[in-house]
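Take a look at the structures listed below.
Consider the two complexes below, in which subunit A is the common component and subunit B and subunit C are the respective partners.
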Partner chain A sequence: MTATAARPRSFDLARAADYAAPGALVVVWIAFFIATPHFLTLSNIGDLLVASSILAVLALGQQFAVVVAGIDLSVGANLPWAAALLGATATAGVPLGLAILIAIAGSVVVGVVNGFLVGYLKMTDFIVTLGSLSVVSGITLLLTEGNTVAVSSPFLQAIALDGIGPVRWFWLIALAAAVLVWFTLFRTRAGTHLLAVGGGSDAALGSGIPVRRVRLAAYAASGLLCGVAGVMLVARNGGADPSLQTNYLLSSIAAVVLGGSSLFGGKASVVGSVTGAVLLTSLVNGFTIIGISQYFQTIAVGAVVLLAALLARFRK
Partner chain B sequence: MGSWNLRRIVAVTVAAVAVTGMTAACGRGGDDTKQASGPRIAIVTRNFTNPYWAALRDGALAEGKQRGVEVNVQAGTSETDADGENAKISTLAGQGYDCFGVVPVNASNVITPLVPVARKKTPILNLDSQIDPAASSAAGVSYASFIGSDNIAAGTLAGQKMLTALAGTGKVVILQGIAGEQNGINREKGFTEATGGKLDIVQRAPADYEQDKALQVTEAILKAHPDITGIFAANDTMGLGAVQAIKNAGLAGKIKVISVDGIKDALDSVKSGDLYGTITQYPYAEGQLAVQACIAAHSGKQIPQRVVAPIAFIDNSVVDQQLASFPKPFAPFDNPLAPLAAG
Partner chain C sequence: MTSETKYLIEARDLVKSFDAVRALDGLTAGFAEGEVTAIVGDNGAGKSTLVRCLTGVHPPTEGQLLFRGEPIRLSSPQAARDLGIETVYQDLGLIDDLAVWQNLFLNRELLRPVPLLGVLDRPRMIRESRDILGGLDVNVPSVRTTVRRMSGGQRQSIAIARAVTWGRSLVIMDEPTAALGVRETAAVEKLILSLRDRGVTVLIISHDLEQVMRVADTVVVLRRGRAVARRPVADVTGDRLVGLITGTISEAA
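Take a look at the complex of A and B:
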């Protein structure tokens, strides 16, 4: 309390900014609770969390790129790429377990290429991942000839719809990813390196941290989680849709920013990113239940992101 | 001072929200008891940016209003937004709706999110485009009815009208929709069969149901085949793109374009003499039929396995009639659901 008195205004706003996502989540949930009796029910919140899971996993991947002061735009293409790999290999008769591994590996390859170009060749992250967004999307369309590949696997369907009792598999996958990312970032040396590189690479280089390798690892991790999300996408949709997922791309960045991570690197919040993903999904879910027009939904999502950016102005 | 102000604002806001919340919660109980006895109906389609799906939505909402039942129509963001559409279905699946009507993005995308609906034994209508029956039954999903236009018949009708327009001979081009999309495949199939051995189809080019892409594709085709006399476009937006390309090339009047759907822009284009004709389907009627089928199914009546929505060829001779009654059909059609839903 005495600290508050010593540093008045800026301190409180900075704190408010850190809790932007959880705070906004509470406000949004209360608003929807007022608007409709069908929002705050066990079954709807359960479904909402399932619907948030793919975005949460993607945002956790994006978190790695953001923490080293980068950005991963290739997510929009890497996601359908993993899905298409799974669809193509499963249709060709490859056992499902192996097909899933191939899909995830394919996404890691994209991440490693991004990381090599950004880390070792010192190319601008924005341009590199924008380029690979386009290239990977094209390769995906070539692989599938533009068609959606149906993957009707009882196993994948069970992952999307069932769980252990009331606990759905999708929650557990997202939770496991969040715990692993949190542990990596805050409890390992690799995590310390990631945060240090994002905080200021010159200083990190001076202290002997292998900056290039750390950057490569960050983008590879983003690719890895993107691959996992791709498999979840196939499970949920019962097929591999090769079209570019711009919504997921923009939402993954928005979720990370909403969560309180700095786009200038060096600051990460795992809980924040996951909360950001749940918040963005809640908006769409609630509006759908109320039956509000499609067009207002995108405006609301955009407004929330802009508000988060405004709050971030007050953050040190 | 600043921190005090902020705290006060937060406190007041929280209190206000809490109070409104309680009031609203109380008021809500009353609303629920007032609710009509009819079924609550959920309809999900691909998007609302395509006027075709917007018309389906408007038909369903109008029918719901007229019959006093709750209808919620939702959609994804584009023709290929399978995941967005599925998120809407999953959300609505947990909301206790009594009947679902679904237009799939492709033959398989909606099956997984519909499984929870099917498990609750809620009737599901397959609207407009066929969902893969084998994959559906493998997942335990079945449909009370299929309501949609016969797209092979639409293609056949387009082929017959093209034959008449070109006096039975000539070179034509087909503009295809999104690869793998069943309605487009069926329209093309109907057209090809109706014109087989008479018209020479020199090229089949995909333009993804998009006007701008159809414009570019047609421009390129006109360079390679300047002597074509007809173009069949698998939907109206592509037909309009083709018409524009023909105008740009200075070939207006020399090449006849027939497309499918009957959207407003296409009717206007027919009226102004640019588009030769459109095979209109009636998505507005389809939306109405979906609501009627839901009401009939909810009251325990047996509804037909397949309900064919009407189609009609609109050229200069009837375009004024159609524009006047748009988006409804200008001629009455045989509706097997009307007596079932009336009771």
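Take a look at the complex of A and C:
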């Protein structure tokens, strides 16, 4: 049997696409470093990474939906839903630890419902999560009557502001999430089945993998990490804002795509998704320091995503 | 071969209707243990339907399946798998973005003795994958490469290797070389012959009569949903097979 000589041209572009996020991150950091002395400072990079942590956790959740060839649009509402649950329960006098668990569990419930509709009722992922985006957002607004709830907890404050020496808690949470997701995807049976279902659901079914259950689990995992991100958001903001988080939604998908995961499923890159999250946050952070209008920021983020999609075209 | 032959799996008066169409119309045929049996027949003769009955995809409408002489009901593909019946489908059922070893152990992953977590024993699966492919003389650059980067023949060989590894009793191949070039076909045929030498029971569907003559021990001819002949390959010629398939020669099965 002859050795397969891969087509050289597309091979190089595929390689380029795999390293799009780290490469772009270096370029963006150098550009901002040249543009302003305030970007590449220890304190700014520290804050930038803290801001990236929430998006990174969210993107890691999105990664689960994307790896089974799906998408989770509901995170835009699931994130404030977790925050609102934490706010409501904490204000009602529920002990903080329990309130955090309830918030995360609430997000898991949203994920399980999504996963049931997509996996068992075979509804289109895009429509299902678009629908639950709207439903969950409405429920959140009903729960909070549209008001931001202040959550004054020294514990949450400490998580957002402190750390072990220079290492901030938020980084560690994101790092722990990344390691766990990596381990799950690449070192466990469940992860193999997630990749298999995303890579070819017929073949997966043919080998006896419970495809429906695997899909459900993927959306549940997305919900779980969304809940964790929601708690982090409350810690960082000192309160629960019930409004829809479309920026976080788009950025979470963008981070995964930038990271080199295939939207057609079956390919995942945990390092890529985290790098993608840092890259997108860096753009916003740098623009803010330089004083470029935030309207340009959304354009830049969108342009980067389109560029990543273009690169992904050549990966096939 | 006579009717005294020990059949591994046997179909008796099998009928499978799809609405008004009788895809299988009282088919009776046996597949002997340790042999390569080829099923030949024109389009619509019922080859694929028979395979789907044997793999539990389509339970038959009427009739009986016997496995080692015992009547069985194959209500699902899992039921067939539990009996050690594995199938290599035309689309191969491989996951392109997973490595060769992951495909070989798909849904049969070896785990480390850690409770609940399902932690993969990667070194062991990689090692055993090398042994499996090496034992079958299947050459791949590395079992850690993704299947996407394999040639058509390599993919076919991997799919067959997987079926052989888990198919303790019977390996069914549906047109295993239909999509392959000459050299790759030769390699896959060599693999099938080595399976025969190892005593694996193989059932192969093929349109290529010369291939049937090369790799099979016995050939079963289907026509209009019935088995019209069962002959040792040594006793038939290509012309005679064509006659049996088209119906210009008829004789009792």
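Rule of thumb we're sticking to: the second predicted complex is superposed on the first by the 309 of 316 C-alpha atoms of A that agree within 3 Å, B and C clash if a C-alpha of one lies under 4 Å from a C-alpha of the other, contacts with A are read in each partner's own complex, and residues count from 1 in each chain.
One rule holds in what follows: contacts are C-beta pairs under 8 Å (C-beta built on N, C-alpha and C of every residue); 3 or more make two chains touch, one makes a residue touch a chain.
Note that the structure is a prediction, hence the values are computed from the model and not measured.
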{"item": "Room on subunit A for both subunit B and subunit C (clash or fit)", "value": "fit"}
{"item": "Touching partner for A:Ala204 - first (subunit B), second (subunit C), both, neither", "value": "second"}
{"item": "Contacts of A:Val50 with subunit B and subunit C, given as first, second, both or neither", "value": "first"}
{"item": "First, second, both or neither for A:Leu161, with subunit B first and subunit C second", "value": "first"}
{"item": "First, second, both or neither for A:Ala196, with subunit B first and subunit C second", "value": "second"}
{"item": "Chain touching more of subunit A, residue-wise (subunit B, subunit C)", "value": "B"}
{"item": "Which superposed partner A:Ser243 touches (first subunit B, second subunit C, both, neither)", "value": "first"}
{"item": "Partner chain in contact with A:Thr41 - subunit B first, subunit C second, else both or neither", "value": "first"}
{"item": "Minimum distance between Cα atoms of subunit B and subunit C in the superposition (Å)", "value": "20"}
{"item": "Footprint overlap on subunit A, where subunit B in one structure and subunit C in the other make contact", "value": "4"}
{"item": "Complex contacts: residues of subunit C adjacent to subunit A", "value": "77-78, 81, 89, 91-98, 102, 106-109, 111, 117-120, 122, 139, 141, 149-151, 153-154, 157, 183-184, 187"}
{"item": "Of all residues in subunit B, those that touch subunit A in their complex", "value": "1-3, 6-7, 17, 20-21, 24-25, 28, 32, 47-48, 72-75, 77, 80-84, 86-88, 90-96, 105-109, 111-113, 115-116, 132, 135, 138-139, 178-180"}
{"item": "Residues of subunit A that touch subunit C when the two form their complex", "value": "1-4, 6, 187-190, 192-193, 195-196, 199-200, 202-204, 206-209, 262, 266-267"}
{"item": "Subunit A - residues contacting subunit B, complex", "value": "4, 8-9, 11-13, 16, 27, 30-31, 33-35, 37-38, 41, 43-44, 46-48, 50-51, 145-148, 150, 152, 157, 160-161, 233, 235-239, 241, 243, 245, 247-248, 281, 284-285, 288-289, 291, 293-294, 298"}
